[in-house]
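The following blocks contain the structures, represented as structure tokens.
In the two complexes below, chain A is the common chain; its partner is chain B in one and chain C in the other.
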Partner chain A sequence: MIYLATVVILAFLPIFVKSPYTYHILILTFVYITATSSLRTLAISGQVSMGHAAFMSIGAYTSAVLARYVGWSPWLTMPLGALATMLVAVLVGFPFSRVRTIYFSMVSLFFGIGILSINSIFGKYTGHINGMIGIPPLFIGSRIPYYFFFLALMVVCLIVLWRFETCRIGVCLKAIDQSREVAASIGISETKFRVLAMGVSCFVVGLVGAGYAHYNMVISYSSFNLSASINMLVYMLIGGIVSFAGPIIGTAVLFMIPEIFRQLKEYTPFLFAGILILVVFVMPQGVVGLFDQIRSLVNKKE
Partner chain B sequence: MLLETVKLTKYFGGLAAVSDVDINVEEGEMVGIIGPNGAGKTTLFNLITGFLRPTKGRVEFGEKDIVGQKPHVIARMGIGRTFQLNPLFADFTVFQNVAASFYLHPKSSLLAAFFNLPTYHRNEAYVSVEALKILELLGLNKVKDELAKNLPQGYQKMLGIARALATNPKLLLLDEPLGGMSVGEIEFTMEIIKKIRDSGVTILLVEHNMQIMDIVDRVFVINFGRKIATGTIEELRENREVIAAYFGVEQDAASS
Partner chain C sequence: MEIIVEIIINAILLSSMYVLAASGFALVLSIMGVLNFAHGAIYMVGGYACYQLAIEYGLNPWLSLFLAAGIMALFGLFLERFCFRPFYGDFFSSVIISIALIFILQTSINLTVGVHVRSLPAFVSGMFKVGGVSVSMERLFTAVIGVSLLFALTLFIRKSKTGQQMLAVAQNSEGAALQGIRIHRVAAIAMALGCALAAVAGSLMGAVFDLNTFMGDLILVKAIQVVILSGIGSIGGVLIGGLIIGTLDSVLPLYTTPAITQTIGLTIIIVLLLIRPQGLFGREMD
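Let's turn to the complex of A and B:
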């Protein structure tokens, strides 16, 4: 219900809000909510990816290069970018699914660094360190169509990820997280489900990355480097790792904070670090957990 | 012969955890494996179910060599098992633990699950009905909404059996099903195990508690990774090697 209400409010927002800057921030929020939620798809089986921004970059660069140098329509190249991301994810998913927890984080970290190096090898096309410019846009002119596009994209992706998590597939992934041995003893193939989760998660993040490229029209490494990956991780941790709403609320909250303290922009990492420490100590279940804590307090009083 | 191991051997480094073990289980039988701590009983289970790869030897299930198959494939062939430690999904409820185990033989594809198709609904409905039946049989329906990790150990063990049973196995391997249970629970569990056998499931079990030996058909005795004896429990009572392994060699008897 709350989700539906939020979406309806967001859909009617353009009647009231006219500032293009607000739209810019909201669009980026939608992009990162989608990306962070895709991180959760891996997290439910206990895998914490530290290279998700790199997967995002595969979608972004694939789509950008195809649209700019081959001249295909962005509407075609975006799904292709997502498919390319998924393909890479499934290929690396087989070896990656053999490592777990911190080891998975490490291989995904190095994978991310590797992907960025590959980008720089093709610097002629990807624009070296300065970034790639002249990416064809999806819409000409106003930000409003982008706003609706990314809102719709986010809603569709979230529904897909929600289904994925709540149906049998999600149950199997959570089972693998709790005990690989017991999961195997009831016939759950760890490799199959982990690779499947990688594929779906990376398809979503690649798709949204591609969309981002055609919105921003300029992409550079700095959007997809390690700190971008870690930011996504922080969004998820702060929002709360235990529920589907966690990454959504965490991203929304943390996107708003730097905007409120805009003058202190260079101190944002410190702010994030402070919030993260606070969250770990005060609300170990994340912001979502805070709601539950309040609810149980209220119930106690009654 | 439903299950047969032929010269099954497993080395950990230079140590032979299991060496040249031949055991066999006929369809419909209930067979026990006994032996002191560290005799290699759990290793043997892990070899049969594919969690460990034997150094040499064969495991035949239904006349087919299953060595080298992944554990989840072996589970699908019809070998269910319980675990001595960590026997369940700790953060699932009791019901979810059993329901998840039904996914071994799903009546709907993953795509149907994702798209919420009618076949998926039917399967889910079927699973809840069947899961409740198993919980009822094992006396777990009172705690079906508890998180598995909050259960007392006896219940956890029972849930392990419920989970294995939900995979609808032809052969059920029980690893110390009575471990950590109270006297009352032990009697109840033995009743349950008998019922499971009577419903047509072949059972191979490892147990320290000698009470269970009253209900098994045959016993294999293992010590230091070797099979030292086999037979009915009456035959084994007379076997000196078995007595020595279990109670130590009597100095007088040995010297005389």
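Let's turn to the complex of A and C:
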């Protein structure tokens, strides 16, 4: 219900809000909500990726290069970018499913940095450190069509990820997280399900990355480097890793708060750090956990 | 001939700096189970502390190096007590705390010292000639300091009681606690030691290269590479891991571009982890 209400409110927002800057922030929020939710799809089986932004970059650069140099329509190259991301993810997913917990985080971190270095080897096409310019846009003119496009993309991706998590595959992934020996004993193949999760998660993140490339029309490494991956991880952890709503709330909170306190300027990182520390000490389950705490308090009073 | 000597000195220099930075990271990771992403920022702040003492207060560079290490050790004690102690073994909470620390430290330095690149004065200047081969004294001395600190660290861990306690806690913290080892005390010492070593590495690297507020990110990635390559829980393995990464980083750039160097280094580690998921000398973590 709450989800539906939020989507409806967001859909009617353009009637009231005119500022292009607000749309820019909202679009970025949608992009990162989708990306962070896809990160959680991996995390439910206990694999916390620290290089997810690199997968986003594969989608973004594939789509951008195809549209810019080959001249295909962005509407065609975006799904191709997502497919390329999924292909890479499935290829690396087979070996990566062998490494677990902190080692998976580290391997994905190195993979993320490695992808960026490979990217800069092809600097002639990807525009070296300055970024790649002249990427064909999806829509000409105002930001409103982009707003609806990314809203729709987010809703569709979230529904897909929600279905993925609640269907049998998601349950199997959770079983693998809790005990992979027990899961293996009842016939759940760890490699198969991990590769599947990797493929779905990276398809989504590649798609949204490709969309971002055609929205921004300029992409550079700095959008997809280590700190971008870590930011996504932080959004997820702050929101709460245990719940599907966690990444959504976490991203929304951490995107909105710096915008509300924009007059702080260079002191904003302190605010950011303060929020992180507050959440860790007060809400061990993330912001989502706060709602549960309030609910249990209310129930107790009754 | 000259190029070989240059490569060897550079390899020793880089390796020893990587190991200095990585050993603190490895100590904290294996003893407290805390993945301290802020270690790079601590390294950076150590370099800036040394800069501030040596340039602004006009102290002797050696004294300021020593003082910077001391300040960062105190800071490490503070961090262990108030930031990481509530979250032993809690991977996610400690990651968030350390990321918050990165924001705080980087922004503080940006606001106080400024975003411009700074350079520390050379601790030793001049060139050094042996049989027609000229070597920068500074690099040689930095390498010597790095190697001797590493020997001291190894000796401390292998021979002293506290060092043995550290190894015990790294192997099995519950078992160590049952033997009467005070885990929190050991962890505090490890954290202080790690921060002091990072500060020394930061100051020395700041003199050989430059100081900037993002220097920590690079060394953090290198430290993680070294620790993962050698395996979590193995403190001695860090030496060998650091030597491998440092040698790769000083030899490969002569033949290829930095991007390809990085790709090769990362590929080697990823492949190694896929063959041996717990690293060269590590144990499986759950």
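As a convention for this text, the second predicted complex is superposed on the first by the 294 of 302 C-alpha atoms of A that agree within 3 Å, B and C clash if a C-alpha of one lies under 4 Å from a C-alpha of the other, contacts with A are read in each partner's own complex, and residues count from 1 in each chain.
Criterion: contacts are C-beta pairs under 8 Å (C-beta built on N, C-alpha and C of every residue); 3 or more make two chains touch, one makes a residue touch a chain.
Predicted model only: the values in this text are computed from it and were never measured.
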- Task: After lining both complexes up on chain A, report clash or fit for chain B versus chain C.
- Result: fit
- Query: After superposition on the shared chain, which partner residues are touched by A:138: those of chain B (first), chain C (second), both, or neither?
  - Reply: neither
- Message: For A:167 in the superposed arrangement: first (chain B), second (chain C), both or neither?
- Response: first
- Of the partners chain B and chain C, which touch A:245 in the superposed model: first, second, both, neither? neither
- Task: Return the chain, chain B or chain C, that is in touch with more residues of chain A.
- Result: C
- Angle, in degrees and to the nearest 10, that opens at chain A between the C-alpha centres of chain B and chain C: 80
- Taking the superposition as given, does A:187 touch the first partner, chain B, the second, chain C, both, or neither? first
- Query: Does the superposition put A:178 against chain B (first), chain C (second), both, or neither?
  - Reply: first
- Task: Mind working out whether A:279 is in touch with chain B, chain C, both or neither, as first, second, both or neither?
- Result: second
- Superposed arrangement (fit on chain A Cα atoms) - minimum chain B/chain C Cα distance in Å: 14
- Item | Common ground on chain A, meaning residues reached by chain C in one complex and by chain B in the other | none
- In the complex, go through chain B and note every residue touching chain A. 49, 51, 70-73, 75-76, 80-81, 83, 86-92, 96, 100-101, 103-106, 110, 113-116, 120, 163-164, 166-167
- Interface with chain C, chain A side, in the complex: residues 48, 95-96, 98-103, 106-107, 109-111, 113-114, 117-118, 120-121, 123, 226-227, 230, 233-234, 237-238, 241, 266-267, 269-270, 272-274, 276-277, 279-281, 284
- Message: Considering only the defined contacts, which chain C positions touch chain A in the complex?
- Response: 35, 37, 86-87, 91-93, 95-97, 99-101, 103-104, 106-107, 110-111, 217, 221, 224-225, 228, 232, 257, 259-260, 262-263, 266-267, 269-270, 273-274, 277-279, 285-286
- For the chain A and chain B complex, residues of the former touching the latter: 163-164, 167-169, 171-172, 174-175, 178-179, 181-190, 196
